[in-house]
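Labels run A, B, C, D, E and F following the written order; every chain starts at residue 1.
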Amino acid sequence: MTETYFSARDEVMLFEQAFRQRVPVMLTGPTGCGKTRLVEHMGLLLGRPVVTISCHDDLTSSDLVGRFMVTGGDVVWTDGPLTWAVKAGAICYLDEVVEARHDSLAVLHSLTDHRRTLYLDRAGEVVRAPAEFMLVCSYNPAYRSSLKELKPSFRQRFATLSMNYLPPDREAEVVVAETGVALPVAQRLVRCAVAIRTAQEAFHFEPPSTRVLVTAAQLIVSGAMKLAAADACILAPLSTDGAISDGLREIAAACLAGADI
Amino acid sequence: MTETYFSARDEVMLFEQAFRQRVPVMLTGPTGCGKTRLVEHMGLLLGRPVVTISCHDDLTSSDLVGRFMVTGGDVVWTDGPLTWAVKAGAICYLDEVVEARHDSLAVLHSLTDHRRTLYLDRAGEVVRAPAEFMLVCSYNPAYRSSLKELKPSFRQRFATLSMNYLPPDREAEVVVAETGVALPVAQRLVRCAVAIRTAQEAFHFEPPSTRVLVTAAQLIVSGAMKLAAADACILAPLSTDGAISDGLREIAAACLAGADI
Amino acid sequence: MTETYFSARDEVMLFEQAFRQRVPVMLTGPTGCGKTRLVEHMGLLLGRPVVTISCHDDLTSSDLVGRFMVTGGDVVWTDGPLTWAVKAGAICYLDEVVEARHDSLAVLHSLTDHRRTLYLDRAGEVVRAPAEFMLVCSYNPAYRSSLKELKPSFRQRFATLSMNYLPPDREAEVVVAETGVALPVAQRLVRCAVAIRTAQEAFHFEPPSTRVLVTAAQLIVSGAMKLAAADACILAPLSTDGAISDGLREIAAACLAGADI
Amino acid sequence: MTETYFSARDEVMLFEQAFRQRVPVMLTGPTGCGKTRLVEHMGLLLGRPVVTISCHDDLTSSDLVGRFMVTGGDVVWTDGPLTWAVKAGAICYLDEVVEARHDSLAVLHSLTDHRRTLYLDRAGEVVRAPAEFMLVCSYNPAYRSSLKELKPSFRQRFATLSMNYLPPDREAEVVVAETGVALPVAQRLVRCAVAIRTAQEAFHFEPPSTRVLVTAAQLIVSGAMKLAAADACILAPLSTDGAISDGLREIAAACLAGADI
Amino acid sequence: MTETYFSARDEVMLFEQAFRQRVPVMLTGPTGCGKTRLVEHMGLLLGRPVVTISCHDDLTSSDLVGRFMVTGGDVVWTDGPLTWAVKAGAICYLDEVVEARHDSLAVLHSLTDHRRTLYLDRAGEVVRAPAEFMLVCSYNPAYRSSLKELKPSFRQRFATLSMNYLPPDREAEVVVAETGVALPVAQRLVRCAVAIRTAQEAFHFEPPSTRVLVTAAQLIVSGAMKLAAADACILAPLSTDGAISDGLREIAAACLAGADI
Amino acid sequence: MTETYFSARDEVMLFEQAFRQRVPVMLTGPTGCGKTRLVEHMGLLLGRPVVTISCHDDLTSSDLVGRFMVTGGDVVWTDGPLTWAVKAGAICYLDEVVEARHDSLAVLHSLTDHRRTLYLDRAGEVVRAPAEFMLVCSYNPAYRSSLKELKPSFRQRFATLSMNYLPPDREAEVVVAETGVALPVAQRLVRCAVAIRTAQEAFHFEPPSTRVLVTAAQLIVSGAMKLAAADACILAPLSTDGAISDGLREIAAACLAGADI
């Protein structure tokens, strides 16, 4: 799988400007639209290592900053991934930050204002971030109904870059580049995804991401029938409701028609 | 009990294609339709060990990836079953993954995208999965009313194979193969199960699985009366409501009639 | 107190057939109808030790399978009662299994299907059950309104034996055998219990068990007045509502009348 | 303060019969009606030590049966008060048992049926209760609206003795015996309590116990004005609602009138 | 700041009588009316040290009675503040006892009845309180809407002393004595507080305490404008609702008028 | 970024008077209006170090006062940041105190009344605050709908200083001083913020802070288009609702117009 990044709008430029000004960045957009890829791409472009932390309900601030651990009978402080990233001047990427508990995020406050400092209360240590350190967070605002929401005061600490799916032609190029599938097949898979994304608002499910198109193309390259691959990778994850699944299958069959199924 | 696997549709082929393309697989379908058996079968077919993890509410990410343990006064990292499976290039099977807490599943993200990497934050170790490693999950979408649901973004990380009960003739063959009961008895037990599965939507209970037919056949082989065995193994687990139980017993008696009860 | 078991229907035979076929058994029925006694009786009959575990909300899977414990500075694995029972080929009896948390029951899955294997993930050990090992669970389906319910897929792993109170004559024999009270007194106590059990559906309380009749008979043998003993052992545990208690006392007085109160 | 026990009905006789027959006893009745005193009295009468355990939400089964504790680097089992009581053949008294979590009570099951055995799963020890061991529980059924309720199957394990306040004359004798206050004053305090207890159902508060009469009498003996003492010890704990308090004060003033206030 | 106590009614006399009779005391009344001051005053008067414990949701019984702690590899019992107070014959003051979890209060039962004994179950120690030990609790019944309430049976264990704000003249004297502000200013501040307390029932907020008057006077002594001081110390803590704040400011301005603002 | 503080009203004077009188201070006002800056400014002005603690749900009292830690096999007490601040006579600043659990705040009671003392119950130590120690808390009352609220009795322990945004001219000066952006651009950014703050009540979102204006100016200085910078830093954090975002963008475009976009 190649590492080429396909830019959609001006997100690369704004990201770099934020990096130069030491402003933390918040990426928003639907699942699989390329947020993680952008961060990895910027890491390469800016020459900084990327430390990725998948956020979840159970992530404590100790998981971020570190903890005391017993070694040889003694207690020794061990840096967590955030502390390590600050000290190394890395890009620290908190994926799906909305999933984290608010209290775990409190430790980020002093890193995201003019102080740019991490206070390790338990270790009694104060770490000032070097100029190269950058904090990036991401979340999917489509989960608007979620009980959890980022506090407005937290969101205001970031420059926010809104991302979205690539335009169809670019998306098909990505599918070809990552799987080696024939371009017409990739185009039909994208057409299928676009049709479902358009129907999405009525059906209330997460729209299919570029990732599932890549997966379907992989199975096709490996010998699977196109409709079977689309069924397993694009349609089945969307809904387990029989009637909806039937409707989706009709859309998919229509979009894939003409390709040598 | 034999280990023969009776394939229902194209699930063996798609599973193998996903394995070759390093795409994780999600199995869906009713209880006892053969999901666990498929995974064990594919492990034999592909020559990979299978590591099974039954998911539940209390499963922490430490239970999956490992933890530090005190040995001889020192603290030593001990791999969990997921880490062990990644390192060994095994098939790691998360049974009933919908039961797991979402935060425990976050550790799977980097394993199920192009990174195919397990980050052991606490151990400070990064494990890249070998080509042979495969992640398989399963759940029963009939528990639709459950408070827990898999996040759409999680489901999109997998190729989904929808499974169902075997056709009646194949199912009766399985019952005979696993218990040695006479074919006509197996056929009547299957007929009984099919009748109840058909009535299921009205009654709102989990339909009887192939497993309970095997159990009933085992008791019959051991000398139990057919209706008593069906009562204990097929009917009693379905409902404790008196009226429903009586209705079910009538269905069962009709289906089993003709056999030498 | 004697250990004689009074069989009500065919439960002893079905239990033994399940044991021979290595099928786990689920006992259902009202409190005090003899479920625990049946298990103890079968243990003697089949020559297997019985390990009883009272289930409750706070029972962890570690309480079942075992845990690491610090001894002399080192950490040593200690088998829990379930692991001990599997290794010893015992009958392991989980009393009131519906009270247990679902996650604690997940460890039973691999023991109750064709694998008959206990995976000790934390100890890194795999224990295959010998032919003599048997798992028995029990619960009272009358607690239908409970928030907790056994998952249907869990219930389908067992042959279910529905139990109930003994017929009145057998129940009176039990009361005599266990307490030495005169038969006419035992009969009146049973008549009293039957009357209340009949009235139960209107009153919505747990019907009186054989156990409370034995207790009342014990106090009577020890010199208590019959109505006072019935009041303390049969009526008072049923309800604390004044009006209902008065009604019950009238029923009891009528049933006990004629005996030398 | 003297230790004389004033018996209200036949509770001493029934308690002793239950002790002789090894039947556990459940005491019910309003706060301060003498449940704890009865248990202490029976301990002296039967020559058994009394181990009292105040139940509450946070009481674990380890608090009852014991736990492993680190001493000198090693881990040593330490008996809890219940285990100690079983081994010593004591009367173990669980005060306000309805406050305990159900799971903590599960450990009592095997002690309260024919087994009379305590299973210390974690210590791997089995303790059979000697004939002198007795389990006594108490609770106040007036807390009927509580979210917590004892399970019926738990209540059926006990002979239940319903207790209530002493008749007025006896109660006044108790107040005199415990404080040395003049009998007419004690009688007026009791009259005041009886009037409030009668009004209680309309007001929905816990009726005043014998204990508060004793406390009020103590303050009076120490020089307090009678109405001030009644206000502080009898009225103020009942309600903080101004209107209700005024009504209660009128009742009290009327009942205490004639005494030399 | 002086330590003079200004008595409002007969609370000093009743407190002392309760101390002589070893009756525990419950203080009730609004925030800042002098409950803590009374306890400190009585400690000086009776010659007993005062141990103050601020109650809260997270206070465990171990925080009260003590716990085992590791020292030099061994485990040593360490008395908590309650145990220390019992042994020292101190006055133990549980401030805002209604905030404590009920289970933490269970340990007080045996200290507040005729036993006057602290059972340290975990340490296996029994501590009888000396005659000089006294338990005092306090709470504010105005928080009537709180989800937490003291159990009636708990309240009946105490002689309850209801306290309230001092009469205006006494309150102004206190403000002068504690801050050195001129009497007319103190009187206007008190007038302002009384006006707001009267309006309180309509506004549903906690009335201003003597403490906030003292604080306002302190700022005035330090050079602040009177209205600014009243705004910061008396009005701002009451409400953050704009309309209400404006109304309060008018009341304050009227009451303070005439003083040299 | 400079450290100049721009005073809005009389908050510096009142803060200093409170410091001289040892009165704790509560700062209220919207996010980003300068509360943290004021505390840092006062620390410089009064010559005291500032210890900042970001409050959150998971902050325990041990995190504030300290805990025992194992070092070299022994257990040693380690002061927390609050204890350190008290001993050092520092200004201790609890940011967003409303986020803290009430029980964690109980430890502040004795520090915020005439006692000015910190009781370290677990360490058995009593720390009297030196005259230079000052406690400052802050919260945003606009989160009025929050489930959490500070208890009135807690709020009355502080002199409350209400803060707000700077007047537009001062705010533009701050943006220039901190970023070096041209004054007309800063003025347009402020005009944009003021317009949105005015519209805020209808839209129900947190108004844009001075901080987001500074961030937008930073990106502009770094070469970003003005509207793109305003979009990323001012508009995007406010709302993810498409319709609202469009409305906001119109407002922003109008306010920024005339600047060389």
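Basically, contacts are C-beta pairs under 8 Å (C-beta built on N, C-alpha and C of every residue); 3 or more make two chains touch, one makes a residue touch a chain.
All of these numbers come straight from a predicted model, not from anything done at the bench.
Common partners of chain B and chain D, by the touch rule above, are C.
Hopping across touching chains, the smallest step count from chain D to chain F is 2. Greatest centre-to-centre distance from chain C is found for F, with centres as Cα means. Because chain E and chain F share one sequence, their contact can be compared position by position; here under half of the interface residue numbers appear on both sides. Seen from the Cα centre of chain E, the chain whose own Cα centre is farthest off is B. The two copies, chain B and chain C, are related by a rotation of 60°, based on C-alpha atoms and rounded to the nearest 5.
Distance between chain D and chain E, defined via averaged C-alpha coordinates, is recorded as 30 Å. If each chain is reduced to the centroid of its CA atoms, chain A and chain E end up 53 Å from each other.
Residue positions of chain C with contacts to 2 or more other chains are 70, 73. Taken as a graph of touching chains, this assembly is arranged as a ring, one closed cycle with exactly two partners per chain. Those residues of chain F lying in contact with chain A across their complex are 1, 31-32, 36, 52-59, 63, 69-73, 78, 80-81, 95-96, 99, 140, 205-206, 208-209, 211-212, 215, 218-219, 221-224, 228-229, 232-233, 236-238, 240-241. On the chain E side of its complex with chain D, the touching residues are 10, 13-14, 17-18, 20-21, 23, 26, 28, 60-61, 68, 70, 73-75, 101-107, 109-110, 113-114, 119, 121-122, 124, 141, 144, 152-153, 155-162.
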